[in-house]
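Chains: A, B, C and D, in written order; residue numbering restarts at 1 for each.
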Amino acid sequence: MVPLSWYLIFAAALFSIGMFGVLSRRNAVAILLGIELMLNSVNINLAAFWRYGDVHLMAGQVFAIIVFAVAAAEVAVGLALVISVYRSRRTVVADEIDMMKW
Amino acid sequence: MSFWNDPLKVAADWLLGVFTAWGMPELAANILIGFLGVLILISILMVLDIGLVWVERKVVARFQDRIGPNRLGPFGLIQPFADIIKLMIKEDITPAGADKVVYNIAPMLSMMSVLILWAVVPLAPTILGVDLNIGVLYIIAAGAIGTLSIIMAGWSSNNKYALIGAFRQVAVMISFEVPMLATLLIPTILAGSMGTAAIVEGQDIWYVLLAPLGALIFLVAAIAELGRAPFDLAEGESELVSGYNIEYSGMKFGMFYAGELLHAFTFGGFWAILFFGGYRFFGLEKVSPFLAIAVLLFKAFIGYWLIMWVRYTLLRIRIDHMLAFNWKFLTPLAFTLIMVTALMNALLSGTSTWLYVTGMFLSNVLVAWGALEIARSYSRRERERIEGKRIVEAGH
Amino acid sequence: MTGEQIVFLVVAFVTLFAGLMVVTTRNLVHAALWLVAALFGVAVTYVILHANFLAVVQVVVYIGAIAILFIFAVMLTRRDMRDQGPQMNKNWWFGAVLAVLTFGGLYFLLQGWEGMTKTATSYPVGFDAISELGNALVSPAGYVLPFEVASVLLVAALVGAVYVAFNPRNGNSGK
Amino acid sequence: METTTLIWLIPLPPLLAFFLIVLFTNRSKALSHTIAVGAAALSFIGSMIVFVRALGVEHLGEHPFESAINWLPTGDTWFRIGVLIDPLGAAVLFFVAITIFMIFLYSVGYHNYGQPAGDHDVKGLPPHGATVTDEHGHKHVVPSVEPMYSRFFAFLGLFAFGMYTLVVSDNLLTLFVGWEIMGLCSYLLIGFWYGKPSARDAAVKAFMTTRVGDVFMLLGIAFLYSATGTLTFREIFTEETLHALASTPAWFGMTASGLIALLLFIGTVGKSAQWPLHVWLPDAMEGPTPVSAMIHAATMVSAGVYAVIRMFPLLTADWNGHELTTTMTIVAFIGAFTALFAATIAVAQNDIKRVLAYSTISQLGYMIAALGIGAYVAAAFHLITHAFFKALLFLGSGSVIHGMEHGVLHTGNHHVDPQDMYNMGGLRKKMPITFWTFLIGGFALSGFPLVTAGFWSKDEILADAFGHGHLAVFVTLAIAAFLTAFYTMRQITLTFLGEPRTEEAKHAQETPWTMTTPLIVLAFFAVTYGWVGISEHFPILGGLVPNWFHDFVGHTLAEVPEAPEFSWIPLLTSLVVALGGLALGYLTYRNVKSVSEDKFQIPLLKNKYYFDEAYNFLFIRPAYWFAENVVYKFLDKGVIDGFLHAFGPFTQGTGSALRNYFDLPVINRAIGDGSAEITYWFGGKLRGIQTGRVQQYLMLALVTFIVIGAALYFFVFAA
């Protein structure tokens, strides 16, 4: 049997990788890719806790599904924003979108 | 239990005996047997696929008032094999500027997305790859992989026709997935399970009688999902030459082509499984599993023939019309139908069979009639608007 | 080491490798395709966890819709189809340090937790997780409210996304 | 479907129709009435299913359909609300469903659906008619469609919801909620033609008068809840609870149960228009006729009686079966008195609807009197038969008015009142369906022997009164019955028989099918419903049909009340009064040509015993006086305004001082401007880290998070 720790460490690693992507990529779409990885790592945790706790309590799976919905919403809005920004500014580099700083 | 009643089990037991006698551990033997089973299924499917090439060519010829292949072998039966050999010995070109890895993976994924569907096809009461309790969702998931393969092919070819074709096809596929998923839920509601085996077992009355409109929507969505006429604008020869697979040649093109044919046949099969009782036919399936397979294949061929009939009869539809049709008509209709079906099912459960069937059927007819009335009044307004505009223009 | 452990390790390493490729590869379409691979790995993890429904939904939603959307977005936001310039911002090394620190911190915290080495009880035979999940999602005693809120969120996101991405200049809705 | 689920669902379609019409479809007449009638039909079908299922249950009284949910947490228990259909509920549901559905249908025709919009019709006034030009170029005036058509159906829907809620509820609170919803709707519907001052006044009058009763009723409910801790019928009507209530003394020499019952009964007095709160009902005839039928015959006023029947165990909790208790005496007195009193007024009224209104009051008094002497099955029986024939009569009178309006439009003489019976006459030839159905309804109301429902129910009440020895009640009710037959025949004679007295009556016309169909259906029930309750002891006929009603409804209570022994006296009495009244009425009014020949236009009766004037003098004028002189002139002008006038200058002075010596220097300069300058200075220094780059922000946030987290972990949790 796989111990719970493996899943948690796996998820933590995926989370960190996603976070690196979010912090370091220039392209806004790539930043969103990193966010997806982070959300997925959270879902792994939720599913793992469901399996290793009482399988009759469905909270883990339910919230994994809600995370799916949130991820879908986030991607839809995020990409729409990126495309909208691209249309007006002709760039998707996050560092160059800094009009609103002051 | 004899071979004729449960061939799969008997064969597996026999093989297990043989392998363990050879000194193989039981787990390894089981895995090996599983692989063998998959291999055999896929081989049979590929042979069937070759047959489908012939069927398709013959049928299209008949629709177009021709004879079709008739030189090689009786009725031209050898013709597809000749085609295969031709495809195999053709030069396999990878265009310069193409993304090689992605370019080469795409056709495999395309073929795979079709083949994995057969894992949940209940061929006979005892012959079923996996009895997944989420069978119908699995169909959509496999379709998602097909979508991916198309966009990979279109993008990696480094060709704008291919890319545009892929864009169109993907837009259509992810759009029509919505009503398809919605109609897949109708058998789910009726059978109370998402497993394909349970859906077939639940069809004491074919679901096409309980949800004729659902069956129709599923067929339309399936044809769109397949990218066949009248929804074949992804390949639109006159505009895009051939769509996403324009740069492919040789056996890679063959895989796309074969994948498409098998996909159409598979959806014919799923149509039969979900709405026409699958392998069930007045108790014939109980006589022998082989008879059950024959029944299923026969029904699948009918569905496949219907898809071909549509393809070679109707004209191509413009992309925006098609997406508008999906989002503004088919999707709301499918959702309405789910709600009506669920409601009627809950209301009528426990009543007599006749009342149940009649009620379900009539509710479907009512929904269809309402949808058509709404569409008709909308199109009348639209027509009047345009005609009014024309009159004004003519006045100037 | 049991078969399940081997499978898990293989899947985990493939997923992590794919994840790393997502955040490091220069070609964004490749990054999106690597994301697909990573998401598929996660789906397999769900299967190992007996969460079949989640696995299939993962494939349908993430691979079938989200990844495709990403590829679309990547293609729509590039004037030519080549990537030029650096793909990392100038603080990338600091991001890497932070990511390593986060992982280290999480690992450190997890180590001290007694539930860490827990192993799962055997999966109950004949347990219909899907009906349970369905009931939990829509029964008032379960999670119907979060579920409904999530659906409202989806609708809001749908409308918002259409509104934000809609270009009135070449849109065809101008009557 | 589960029967209980179905019962829960019965009230909902009309409510849904109300909201749909109000929110979405109020611009479309066809859609609105389709929705409303459809909703009424749905509820009707549901009610019939429930009724039929209720018939199929053995011992429904002990095992009624009931279902309840937790609603309101009250400390450590729950206040539960739910639905209950016991035999009484089923019987009431039956007639309520039929009459409501019929009234919905009737309203379509009554409001002239399908006719053109009027030339100068305005919202808030009855339609005046529209001028149309036919193919020959002749102009005709035809009835025009009601301008607020959709609104009417919306109100009707809400009203039906209130009634169904009241019938199916298993506790006093939801019953009261339905009761009050009906009160509101009654107000809205009576004042439907709010352009007419009389309608406005009538609406306010109805609302205020019933409010008096409702306040007492709410008091009763509160008393009951504090005494027993529950409002659910079946929990109250247990042996122990009733016994406890009956043995608790309260004020005025009554027991707690008696006092509660009395308070609840006052609510009924308001709702069912019993003396002395009867004054609103005749004025309520200002509303459109379907409303009159609905509120004032079939449903709302019946609801009052229904509530008393529901509360009957409470009413009789301390009754030993012979001597009437204080409360019962009051109830019996008010009922009997009202029955006689209203009947005398009805004799002198000329407005076709007003006669019926007083007749309703009188008949309700019958039921109340029956309850007062403990004959609750008879009361329930009369309640139901009365609902059928009175709805029939009201709808018939509406049909007559409608036909007369047609005549008025034809002649164009708008000064002719289409409701005055002395403008009618001879309508039987013009409106045959209306005539025959009205005749049936009238005979049923008079208690025409053997064939009509009214005879059987009325006879049962008289028999009960006689058999249990309440002779005063018996005699009063018998006289009232005689008067009833008399004025009914007067009405029929004046309206339908003889020759037309005006030009308008000559041009009256039969009404459309949507109006006549309900008449026919109701007429059917007005005749046949009596046959389900024929006493076994009745000579010859008794026993031919089992006394189903008595068995069925009687089982609502734990102990089935005994039917009194058969006696010839009440039977003969009812035969004599019914036939005698009818005959006398016909003979007296056979040849009456105009009002001046009417011998019964006694001023006292004509003016309803001057009750309106008395109330005006006793309550309304003092209230006005109090409002004008005490509240307005003294309190408002003198005390409050004076105080304000003194307060103003004082405040102004203080304010200006505060402003000059505190606000401007301290707050504005030092605190206001000073903080802004400090913030500005800090902002200038800090703007450097505001790069506008999301990822840098994120990094900063993470660094902060990690530092704080680590610090917390090591210094707080680990330490």
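What we mean here is this: a contact is a pair of C-beta atoms (placed from the backbone, for glycine too) under 8 Å apart; a residue touches a chain by one contact, two chains touch by 3 or more.
Quick caveat, the model's predicted, so the values are computed rather than measured.
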(message) Measuring between Cα centroids, what's the chain most distant from subunit B?
(response) D
(message) Taking the mean of the CA coordinates per chain, how far is subunit A from subunit B in Å?
(response) 33
(message) Taking the mean of the CA coordinates per chain, how far is subunit A from subunit D in Å?
(response) 60
(message) With centres defined as the mean C-alpha position, give me the subunit B-subunit C separation in Å.
(response) 28
(request) Let me have the rounded angstrom distance from the C-alpha centre of subunit A over to the C-alpha centre of subunit C, please. (result) 6
(request) Return the residues of subunit D touching two or more other chains; collapse runs of consecutive numbers into ranges. (result) 693, 695, 699, 702
(message) Give me the residue numbers in subunit C that touch at least two other chains, ranges are fine.
(response) 53, 57, 65, 72, 89, 91, 94-95, 98, 102
(message) Could you pull out the residues of subunit A that touch at least 2 other chains?
(response) 19, 22-24, 94-95
(message) I'd like to see which chains touch which, written out pair by pair.
(response) A-C, A-D, B-C, C-D
(request) Report the residues of subunit A in contact with subunit C in the complex, numbered from low to high. (result) 1-10, 12-27, 29-30, 32-34, 36-37, 40, 43-44, 47-48, 50-52, 55-56, 58-59, 61-66, 68-77, 79-84, 86-87, 90, 92, 94-95
(request) Could you please specify the touching residues of subunit C with respect to subunit B in the complex? (result) 3, 29-30, 33, 36, 52-53, 56-57, 59-60, 63-65, 67-68, 71-72, 75, 81, 128, 130
(request) Would you pull the subunit C residues touching subunit A in the complex into a rising list? (result) 2, 4-5, 8-9, 12, 15-16, 19-20, 22-23, 28, 31-32, 35, 38-39, 42, 45-46, 48-51, 53-54, 57-58, 61-62, 65-66, 69-70, 72-74, 76-77, 79, 85-89, 91-92, 94-96, 98-100, 102-103, 106-107, 110, 115-121, 123-124, 127, 129, 132-133, 135-137, 142-143, 146-147, 150-151, 153-154, 156-158, 160-162, 164-165, 167
(request) Enumerate the contact residues on subunit D facing subunit C in the complex. (result) 693, 695-696, 699, 702-703, 706, 709-710, 713
(message) Could you list, by residue number, the parts of subunit B that touch subunit C in their complex?
(response) 27, 99, 102, 132-134, 137-138, 140-141, 143-145, 147-148, 151-152, 155, 158, 163, 167, 170, 174, 177, 194
